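In the two complexes that follow, subunit A is the common piece, with subunit B as its partner first and subunit C second.
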Partner chain A sequence: MWKLLKIELFKIFRRPRTYIAFAAIAAIITLIQLAFYSDGEAFLQFGMQSLKETFDINGKIVNGYLVCYVILQTLLIHVPLLIALIAGDAVAGEANMGTLRLLLTKPVSRSQFMWTKFMATVIYTLLLLVFMAALALFLSVSIFGTSDLIILKSETIVILDRHDILWRYFGAFGFAAIAMTTVASLAFLLSVFAENSIGPIVATMSIVILFTILTTMDIPFFNAIKPFLFTNHMLNWKGFFEEPVNYREVLKSATILIGHIVFFVFTAIAIFKKKDILS
Partner chain B sequence: MKTIQILFVIICTHSFPQFCFSQSEAALIKGVKNKLDKVNNYQADGVMTIDVSFIKVPPSAVKVYYKKPDKFNVKKDGGISILPKGSASVNLNSIISGENYTIVPAGNTVLENSTVRIIKLLPNDENSDVVVTSLYIDEKKLLIRKSVITTKESGTYEIEMAYGKYSEWGLPDKVIFIFNTKDYKLPKGVTFEYESGEKKPKTANSENKKGKVEIAYSSYIINKGVPDSYFK
Partner chain C sequence: MSAIINVHHLSKQFGEISAVSNLSFSVKKGEVYGFLGQNGAGKSTTIRMLLTLIRPTEGDIEILGLNLRKHRKQILRQTGAIIEKPDLYKYLTAMENLRLFAAMSGVKIPGKRYAEQMEMVGLTERADSKVKTFSQGMKQRLGIAIALVHDPQLIILDEPTNGLDPQGIADVRNLILHLSKDLGKTVFVSSHLLNEIEQIADSMLIIDKGKKMAEGKVTDLFNPLDTIVELETGDNNDALEKLKQSAWKDYIQEYDSKKILVKLGKEDIPSFARQLIQMNIEIHSLSGRHSLEDYFLTLTTANKHVETFKN
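== the complex of A and B ==
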């Protein structure tokens, strides 16, 4: 199994497209950090206009923790699209290159083959998140320093003590790992149906975009279906930045996402096991 | 002779009540002011608790700085401190530091089992933001227990004070600052927030337009000097 996994990882990291996601994330994070470095105070003044009518705020508002929070808010919506690039290619890519039949002639069960593919995709997803965490959190903290984190929400303001933040980021990244794995498993499932990787990649992106738009729109008709959209639960990493943390809500979302992962992966394996491989 | 003296007192109190009372009220204010005047500056450690319906913030350790005549600042070491606007200009020392006000007696009342005198200060300056200040003074100890300050711009502030080991300096162990708050709302597009589809229950104090800040002081360093840079 480990040998198979190494081969899969070698295949993933040999492809140039794998590094597109790392480059895109590095570029976006650097741009956000640059923007905050040059004009972060002015950006926040706009958000805190109504607050400053009533309160005087002292202290280092623009700090590494805040910059990381803004980066996560911006990026965690878009990272699923980058993950789909690799996960959607997992099985369909082999079919496209005509190596699928050849691979299955080896003394490896179809289940083992699929588990290895999925685990390689998960490792890629986790590495992408670790890379993102290193840049968004640790680089931001080293550039901007630390202070309390002020989170502006539409109806409330949360201020978290600087000694009470780091664990929340670890929790949020852990939750994001589950959320991103959900997208990876969806792309992995769609990959089973296609003979070309473009199909599952575009289909995954379309589903994520559609669901995200439905999640974003504040229309009563859509509100009824929002609890059933996995994209809605993917946003609950923010639960770690509530005071106090609503563990019930965070655990509920994490459980629903894990349920999606299990469903997508087992369905993908079940379908693949019965599939007539012609390519 | 005695009858004439009594008559004089009666005529005086009925004809010129303000004159007769203002002497003693002014003396009381002067006594409080003299007590507060002993403090030229201080640096205090305390714990600040904010209770505002739309702000969630844990109690935090703060340092409070004061310097005559009206410099006042609250800082959280390495963190963010949030204070109601104008609270710096309504600290007690600055309220009674000048003499440009008219003193009006307003009777007595009982605060926490002790009788206090109510004195209203009306600013003589028409451009002053403060409209009227009501002071509730413990006459025996020369301490201001409570003050209610009505301003033109920011509504009414209420300050309640509890005294302990620093009462000889007129400095409180605990200050509760009650103030008016305005609505806070930001578009979801600005905050990157998304609707979850679940109705959020209204909290009990979500309609409450009053905010409360409490500072519990643990220690003061009095008259040892505070640099001006601490007030920037």
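== the complex of A and C ==
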């Protein structure tokens, strides 16, 4: 299994397409950091004008933790597309290239083949998040320094002490890893049905976008189905920035997402095991 | 010689379409077995079933004396294959492709074998070039190297000369003969180039619309001294009755209202013609042919099931 996994990772990381996601993330993060570096202070002063009438705010508002929070909010909506680029290609890409039939004439069971593919996709997803964390958190902290984190919500303000933040980011990135793996496993499942990777990538993004719209619409009819939409739970990384953290809610969302992963992956394997390879 | 492939009553349905129907054949160890059929005849479906890419609807496959369903890994470890055109990872080099597929073969391969394989298929100088820069012929040769790198006992080649120039076709033909005659490998090869099969195969199977049309040793099926004589008469039913009552009854291959096919040695044709006249058969045409292509087309276009000539 380890040998197969090494082969899969070798294939993924020898493809130029793989690095598009890393380059895109680096570009977006750098742009946000640049924007904060040049105009961040003025922008925040403007945004917090009404608060200053009520509160006396001192200290360094624009700091590495705040920049990282903004980056996370922006990127975690777009990262699923980058994840789908690789996960949607996992099986469909091999079918499209014609390599699938040669691979499956090797003495490897289809379950092994699929598990290896999925594990390689998860490793790619985790590496993307680690890369994102390194740039968004550590680079931001090294550029902007640290201070207390002020988060404005629609009805409340959360102020987190600078010494009480880092672990929350670790928690948030850990949760994001589960959320992104959910997207990866959906794309992986759809990949089994297609013979080119465009279909599963577009289908995955369409599902994520549709579910996200339904999640954000405050209409009573949609409220009833929201708990069943995985996108609704994907945003609960923000739970780590509540005071106190609602662990029950975060754990519930994580469990639901893991349930989705298990369902998507096992369905993909069950279908693939019976599939006639005609590509 | 023992059979290395035994196929029993193999069928595959795709919905309403029957791609392969009740196909049985066996391939002996060490022989080159030709698998012939027109496009859409069911060759690729059969080969994919032999390689576990497609599940048969019915039937059993035994390879190396083992049931394919139960001993898939064990069998595939001893099998090398090219299915249709060899599609490889274009963004990897030839050597990387060879090593990658070799690593999946489940067989420990000595390091020097990779270079040997590259040399055998004439790609030594391009071993470090990316496959996207390769011609179809070069990809085909690399595909052959991949099929052989783990030294399999059984080699399954689906149209291995596709995309090759005449020299490449001759090279593949020589390679197949070398594998079989010198190294004792069993080669199962499909092709639409009938004369290619005629030159290399010991036995062959002809299928049409998923059904077996003929199977047997090439020397029995296509003895160059034998001729298929096509006879057209004024009254084919009457001619057929008379022939069935004559000494020529065992030579009749097939017949319909338009023609009667009789398999004869060349030296027998004059006496056959004389006796037709003696039997008062009104001959409209009497023509002979012996090429494999003619025979193949006779079988496949007439779509008639003939008895096998297998010994």
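Convention: the second predicted complex is superposed on the first by the 278 of 279 C-alpha atoms of A that agree within 3 Å, B and C clash if a C-alpha of one lies under 4 Å from a C-alpha of the other, contacts with A are read in each partner's own complex, and residues count from 1 in each chain.
Operating definition for what follows: contacts are C-beta pairs under 8 Å (C-beta built on N, C-alpha and C of every residue); 3 or more make two chains touch, one makes a residue touch a chain.
These numbers come from a predicted model, not from an experiment.
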| item | value |
| --- | --- |
| First (subunit B), second (subunit C), both or neither touched by A:Gly98 | second |
| Subunit B versus subunit C, judged by how many residues of subunit A each one touches | B |
| Contacts of A:Val108 with subunit B and subunit C, given as first, second, both or neither | second |
| Which superposed partner A:Leu235 touches (first subunit B, second subunit C, both, neither) | first |
| Touched partner set for A:Thr267, first subunit B, second subunit C, both or neither | neither |
| A:Gln73 touches, of subunit B and subunit C: first, second, both or neither? | first |
| Touched partner set for A:Asn246, first subunit B, second subunit C, both or neither | neither |
| Partner chain(s) touched by A:Leu4 [first = subunit B, second = subunit C, both, neither] | second |
| Doubly contacted subunit A residues - partners subunit C and subunit B | none |
| Residues of subunit A that touch subunit B when the two form their complex | 46-47, 50-61, 73-74, 146-148, 150, 152-162, 164, 215-218, 222-227, 232, 235, 242-243 |
| Of all residues in subunit B, those that touch subunit A in their complex | 54-58, 60, 73-76, 78-85, 87-88, 179, 181-188, 190-198, 211 |
| Subunit C residues within the subunit A interface of the complex | 14, 48, 51-55, 72-74, 76-77, 79, 81, 83-92, 96, 100-101, 103-106, 146 |
| Contacting residues of subunit A [partner subunit C, same complex] | 3-4, 7, 10-11, 14-16, 97-99, 101-109, 274, 276-278 |
